[in-house]
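Step one of this worksheet: look at the structure below.
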Amino acid sequence: MISENTEIGLLFDHARPERIGLPEAVFCQGKHISVLEKLLRESAAGRSRPILFTRLAPEVFAQLPAELQAQVNYHPLSRTAFSQSLSRRSTARVAVVSAGSADAFVTWEAARTLEYLGINYEVFEDSGVAGLWRLATRLEEINDHQVVIVVAGLDAALASVLGGLTPKPVFAVPTSVGYGQAQGGLTALNSMLVSCSPGLGVFNIDNGYGAACAAARVINLLRAEAE
Amino acid sequence: MISENTEIGLLFDHARPERIGLPEAVFCQGKHISVLEKLLRESAAGRSRPILFTRLAPEVFAQLPAELQAQVNYHPLSRTAFSQSLSRRSTARVAVVSAGSADAFVTWEAARTLEYLGINYEVFEDSGVAGLWRLATRLEEINDHQVVIVVAGLDAALASVLGGLTPKPVFAVPTSVGYGQAQGGLTALNSMLVSCSPGLGVFNIDNGYGAACAAARVINLLRAEAE
Amino acid sequence: MISENTEIGLLFDHARPERIGLPEAVFCQGKHISVLEKLLRESAAGRSRPILFTRLAPEVFAQLPAELQAQVNYHPLSRTAFSQSLSRRSTARVAVVSAGSADAFVTWEAARTLEYLGINYEVFEDSGVAGLWRLATRLEEINDHQVVIVVAGLDAALASVLGGLTPKPVFAVPTSVGYGQAQGGLTALNSMLVSCSPGLGVFNIDNGYGAACAAARVINLLRAEAE
Amino acid sequence: MISENTEIGLLFDHARPERIGLPEAVFCQGKHISVLEKLLRESAAGRSRPILFTRLAPEVFAQLPAELQAQVNYHPLSRTAFSQSLSRRSTARVAVVSAGSADAFVTWEAARTLEYLGINYEVFEDSGVAGLWRLATRLEEINDHQVVIVVAGLDAALASVLGGLTPKPVFAVPTSVGYGQAQGGLTALNSMLVSCSPGLGVFNIDNGYGAACAAARVINLLRAEAE
Amino acid sequence: MISENTEIGLLFDHARPERIGLPEAVFCQGKHISVLEKLLRESAAGRSRPILFTRLAPEVFAQLPAELQAQVNYHPLSRTAFSQSLSRRSTARVAVVSAGSADAFVTWEAARTLEYLGINYEVFEDSGVAGLWRLATRLEEINDHQVVIVVAGLDAALASVLGGLTPKPVFAVPTSVGYGQAQGGLTALNSMLVSCSPGLGVFNIDNGYGAACAAARVINLLRAEAE
Amino acid sequence: MISENTEIGLLFDHARPERIGLPEAVFCQGKHISVLEKLLRESAAGRSRPILFTRLAPEVFAQLPAELQAQVNYHPLSRTAFSQSLSRRSTARVAVVSAGSADAFVTWEAARTLEYLGINYEVFEDSGVAGLWRLATRLEEINDHQVVIVVAGLDAALASVLGGLTPKPVFAVPTSVGYGQAQGGLTALNSMLVSCSPGLGVFNIDNGYGAACAAARVINLLRAEAE
Amino acid sequence: MISENTEIGLLFDHARPERIGLPEAVFCQGKHISVLEKLLRESAAGRSRPILFTRLAPEVFAQLPAELQAQVNYHPLSRTAFSQSLSRRSTARVAVVSAGSADAFVTWEAARTLEYLGINYEVFEDSGVAGLWRLATRLEEINDHQVVIVVAGLDAALASVLGGLTPKPVFAVPTSVGYGQAQGGLTALNSMLVSCSPGLGVFNIDNGYGAACAAARVINLLRAEAE
Amino acid sequence: MISENTEIGLLFDHARPERIGLPEAVFCQGKHISVLEKLLRESAAGRSRPILFTRLAPEVFAQLPAELQAQVNYHPLSRTAFSQSLSRRSTARVAVVSAGSADAFVTWEAARTLEYLGINYEVFEDSGVAGLWRLATRLEEINDHQVVIVVAGLDAALASVLGGLTPKPVFAVPTSVGYGQAQGGLTALNSMLVSCSPGLGVFNIDNGYGAACAAARVINLLRAEAE
């Protein structure tokens, strides 16, 4: 029976990271500090494949031993950490465009995931439709990237406006910014899903990591097709 | 005891239409055809004060006697009817701006209510952010009105964009256009409520009548202050 | 390309505050103390245009340097702060009417925003329908204002009652007061949206700032039309 | 074992109608016409105890044999029917107060249930807060009843206002009148549940039957206590 | 104008407590400690009419001066306080029946409100349908009361079962006990609203105070009718 | 590669019906009449394995050719059809207990699925807690079955009561009976999920088919263990 | 002023279809037959640019003049129509994988949109996880496409399973198939949004058109990068 | 009267634990430490029947006297405690299969409840569909158990996949793992309820205890039938 199972393994999951091009990530929120320390230590020592740690809160990171903290590339705003990133294998670039500075924790989770995945990116913050001219002045530069990630909360109007101004694949991430009928990001999510701009792929609320993975799938495809 | 009640009547409701400047409206949906016929007949005969009939469906109107139909100013798209409108007492104008032609039944409910109230208006349809340049070319003209009503469904991005481009009082009406997460207009409603553009007064889904009444309150104020 | 962008800037956003008559506001909730200190310091030093800070919690304000606290006009109940307000350019007045003292944090956010905008106002607290005679005794005085802001939580019955008693533009703000099916203000919001009193512009839950901006749009219109 | 079961029957349900004072009702919606015809025929023939039929739509009633229709006391507006009502055993009276004529199908379901139960009642329609003086002129008369049923849709402000003006037991029924955020009566229901007027017992949306039963429980108590 | 207002006051609210038989209550949650201290002190000194304080958390009460604490009748479980209760004017009694001990904070809010109102009551805790025989052994005793308040969370099956076993007025209070799909009491609330037992008046989640007020309305009616 | 796939087929799905003991079912709602006719014809001709057709509405069935109708075992109330049922391989029995006759379309979908699966069953309708003594008199007989399916709408109190009275596996199916806060069965579903009776497996609203399949899993286990 | 507007037009929308690579689509649902006839006639006559008509119901299409029907490429299952499609400019291919035949109306809306856009595609229906081996046997072939669209309703488990088995860009479309807690597709939508497989771009319920547009953005990028 | 009640007691609840085979459990969350200490002390002293304590948080347990802590079998991860478990009376075994380690608090609540009930079990953690081969290698072993409990959060795809691969009774528990549209477990719950795999009994979010009780009902049935 084992041989059959192995074959299934080969077909279905033999070396998952290589197969789908996306190494594992550890969602830290809710995990015990001792578990995180063990995983980070293994990663820092190179005993595991590269791992991205997401939702690692600053106050949790601060509880780790100082020498371990020193070994890890940690970014408090995005709450991400890794010890080794993947090697850069493409010149393609991703534009990460956000509506406001309040969205930064998501904007930078996307950006840091791209960095970890070895993908070039540029961040265009504070491009919300309240300041339409700012978006206009940056549009040509944004369109000079292969993929666009748009991060916005509240009414998420930026996603619709930008989606109508770029021919590139657009991945839209709603954020939990706001109060009342912002509903913790649900209004932004729904606005993106029903946007009149066609062809926006939408992600879970605050899921900058997911949008970066989607961008990576496209970048990987570009590289694979070019080979 | 009667005299006291009369005084309360005087204080609280003596001649409501005159007091708040908004004559009565009859919401026809769900009312029996015989009730509607009676009310329309009284109104057509001038036996009642002017009355606006809203949500009067074409298939219901078609069931009325032909001679009564002929006496009524009926507008099928907006599903509104009236026999007499109020006299025009102001030169102020209201811009009714809509995102798309699918919003027309609401756009025109607002416009027709303004017509009935004796208020000047102009309709700017199909101004959605998918065609941002169309909005841009009309902006100066829109801003030449005293009040702006914006009608939009789906993500209602038009409300945020326009709210950031006009200094005028803006009344925003979400529409039930769309499917799935458009949620019958709830997404548009919530987007308008959390719009980053400050100071948009929002109305119930598809309530073009309400926004027109709000505009009338402002127009009435302008006239009263100018007197 | 730059010239074109500049033109768009001119058309779309050249001097936004002046154009729509509403200076910028900073929503402080969720922003880091260091960011807030920097913004407040610039504002206090007159290095930026006037800025209104909303949702600045007392416990956050208390963490700021004492000398900076002294330079700022801070109001703990409404959680608002500013260093300079706009100059008063109109004699028009806004009535801010609230149902109960529990709504005060929203009532005063509206009032303080008006103060910052240089607009006259008077606050009528504790006017809920449970004490209908209190509202009656104040009605004439309320109607002596150009614009009415009504603040209410729970069933928000005050909005319907007052909306039927005043001809003035009415802006209604639901509050998050209550428990259970008050649903954090959602019931009040929906009650206001479906109020039988016609023409009430509604705002997001607890958004006193938004209603004040709407009132300012009307006051600005009055002044512009009078010129 | 049978004897024990019988005892339980005696304790728990021996003659339910007599015990809780409320005879059975048949909810007709969704039941097959043949089932309804059989039940109505038995009831009309006096072969069963008195039964109230609720939610019996006019178009369904019209499908019944003419001779059966003639034997039944049917009321199309309230969609209720019965062949025999209970005998009147009390002089106590119930006031059924409604906000508007659109609520009539619920108002009269309550009234007709009272009629069937042999309880005196009076209906006060069109007493909504939009016409506050109408309520005021009727208040003394309403308070001359032992129990008050209030029927209202939309924002249900009438329940709060009336609940603050009467010392009598108040039973509040939300109606499904309205559109958009009226949410098929959910907004009215929630408004009633969080009303600032204390001690309002609330019922399911459109459940006039339930409120009448609650009133009957009070009337029955009055009679029992007086004996 | 003042005289008219006074008349309205006379008609509408002159001495509300006496009129509707329910003295004022202060909802303490969210109120500042200094406000509560002031109100409690006035009440304790007899400078105000009797006042019931609800939702006064033990940790808040503990912050009050010891001498004030000593003057107040405080009950931590129900989070209620008062200095003087109303005089007992009726021999009628209210049964407060609860499903489980986890519902006690609501059960006792109802009981304490009755105590404050000068109404006799008995509490029957732990009567949930999981132990149906316990309810059966208490049923006769419960039915010996004039009014029944039923307090239950989760599926609230007790309300339906008890509602089918008693002819007395039944007021049902859902509680926020439970997790997951208990939805903070919403499931219990909805179960009570759609109970197959007819004539249950339902209250907001955890609102023991409201059900006690409804019971008081019935008790007051009994007394008034007997006079 | 094909051989590997075949092995996976062997491991994962070789003859699914035999493996999990549950033959295929066709959900007819929304399928075109021509598709249904083709599937029914194949099934009637014995050209396919036994298939259960669920949600086959009477008005759809009536459109099929008469000779095909004659070949099929159709049950209009439950909207189920099959041409061949599975052979009876166990003496174990399932009790299907329902709260009221309005639940019959679900009750009988469960019963008919059991019939199709070749499993003995008995139906106990109209056992709701409103008539507690009826349930009591049937309890011993119900407990004489190996598995209990309970079908209830509205507050679903029957599930809690019965779950506390039987030691057998209990599968609970909420029904969409009722209006208003019955929410199309959601209230019944949630009540079942939070029932204080431990160990009730719950199914989707109106899913009598699913509960019967769960019962079949238990019956199949009993037979397999006994072999 | 005109010249400025023209420049904005140039920057923002000069020839939108060409710029973002996605020609206009007409959402037919809710549009009047006369409007649709006019648009279809223009399109068929080549008087407009190519237009895709979505949600054009068979019963609506049947009302059009026969000669117009003959000029249009109409596909009833997907409810799509067009007269001219775009020219094929790429050899890249899109795999459209669906869970079951009930999802076909969405599956084929995606496929037909690709056909209209001149993009190669292959449809893999009935690949749901209930028949895991079917997916396994098709996996290699699916992965031979550049982009994967996955269409699934109910629990949408296929999206998670397939997302973990392919490195290609994956666009996931939930469908409104099912009843009860399927919630018209909301459960499938949420399942896709929280899928443990990283990097799935999600679309509105039943929005096969949107996913095809997203695929087109990727295909267009591939072609542009290869040039 | 007492004798009758006793009989009802005999019929309905005489020794509930023995009758339905499930001893009592104490839900500790929200209970006061003093109450828990008393109950635990009685249980540890053997003065009560065996009791399972669920949702006993580590920080609460830590507040108990050290000697009492020593007497109790406490398991922090599952937050369960008991002093005596039931005797093992069956060789049947339950497989507890979970999607990921984040689900462990629920997985082990189920496992610990089984341990307390004296039922054999094995835990198969980290079997989510992201690593489909892991599930495949364990499938034969899982199917060697009499009952399967499946624990999963997020999209709960594991329930559908496993439900299609095992003929055994399957009890599915959604977990509150995740953020955003995971909705605290509601998405997993709904996915399980609409799973295309037939016959999965579903439980409340995080209710591992309930699924274990359902498994116990089946195991108890197996033993009873074998006797």
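The first chain written gets the first letter, and so on, giving A, B, C, D, E, F, G and H; residue counts start at 1 in each chain.
The working rule: a residue touches a chain if its C-beta (ideal position, glycine included) is under 8 Å from a C-beta of that chain, and two chains touch if they have at least 3 such contacts.
All of these numbers come straight from a predicted model, not from anything done at the bench.
Asks: Along the shortest chain of touching chains, how many steps lie between chain D and chain G?
Replies: 2
Asks: Over half of the interface residue numbers used by both chain A and chain G, so same, or under half, so different?
Replies: The interface is built from the same residue numbers on each side, given that over half of them are used by both copies.
Asks: Scan A-G, B-G or G-H for the interface that duplicates B-C, counting it as a duplicate when over half of the contact pairs agree by residue number.
Replies: When the contact pairs of B-C are compared with those in A-G, B-G or G-H, A-G matches.
Asks: Where centres are the averaged C-alpha coordinates, which chain has the largest centre distance to chain H?
Replies: The most remote chain is B.
Asks: Could you put a whole-Å number on the gap between the CA centroids of chain D and chain F?
Replies: 36
Asks: When the centre of a chain is set as the mean of its C-alpha atoms, what distance in Å lies between chain C and chain G?
Replies: 44
Asks: Could you list the positions in chain B whose residues touch two or more of the other chains?
Replies: 5, 8, 11-13, 16, 130, 132, 136, 164-165, 180-182, 186, 189, 193-194, 204, 207
Asks: Within their complex, state which residues of chain E touch chain F.
Replies: Its residues touching chain F are 99-100, 128-130, 132, 154-157, 159-161, 164-165, 178, 180-183, 186-187, 189-197.
Asks: Over in the complex, which chain G residues touch chain F? Could you list them?
Replies: These residues of chain G touch chain F: 102, 130-134, 136-137, 140, 177, 179-182.
Asks: Show me the residue ranges of chain G that touch chain B in the complex, using the header's touch definition.
Replies: 1, 5, 8-9, 12-13, 16, 27, 29-31, 176, 184-186, 189, 204-207
Asks: Would you tell me which residues of chain D are touching chain E in their complex?
Replies: Residues 11-13, 16, 19-22, 25, 92, 136, 139, 146-147, 164-171, 189, 193-194, 198-204, 207, 209-218, 220-222, 225-226 of chain D touch chain E in their complex.
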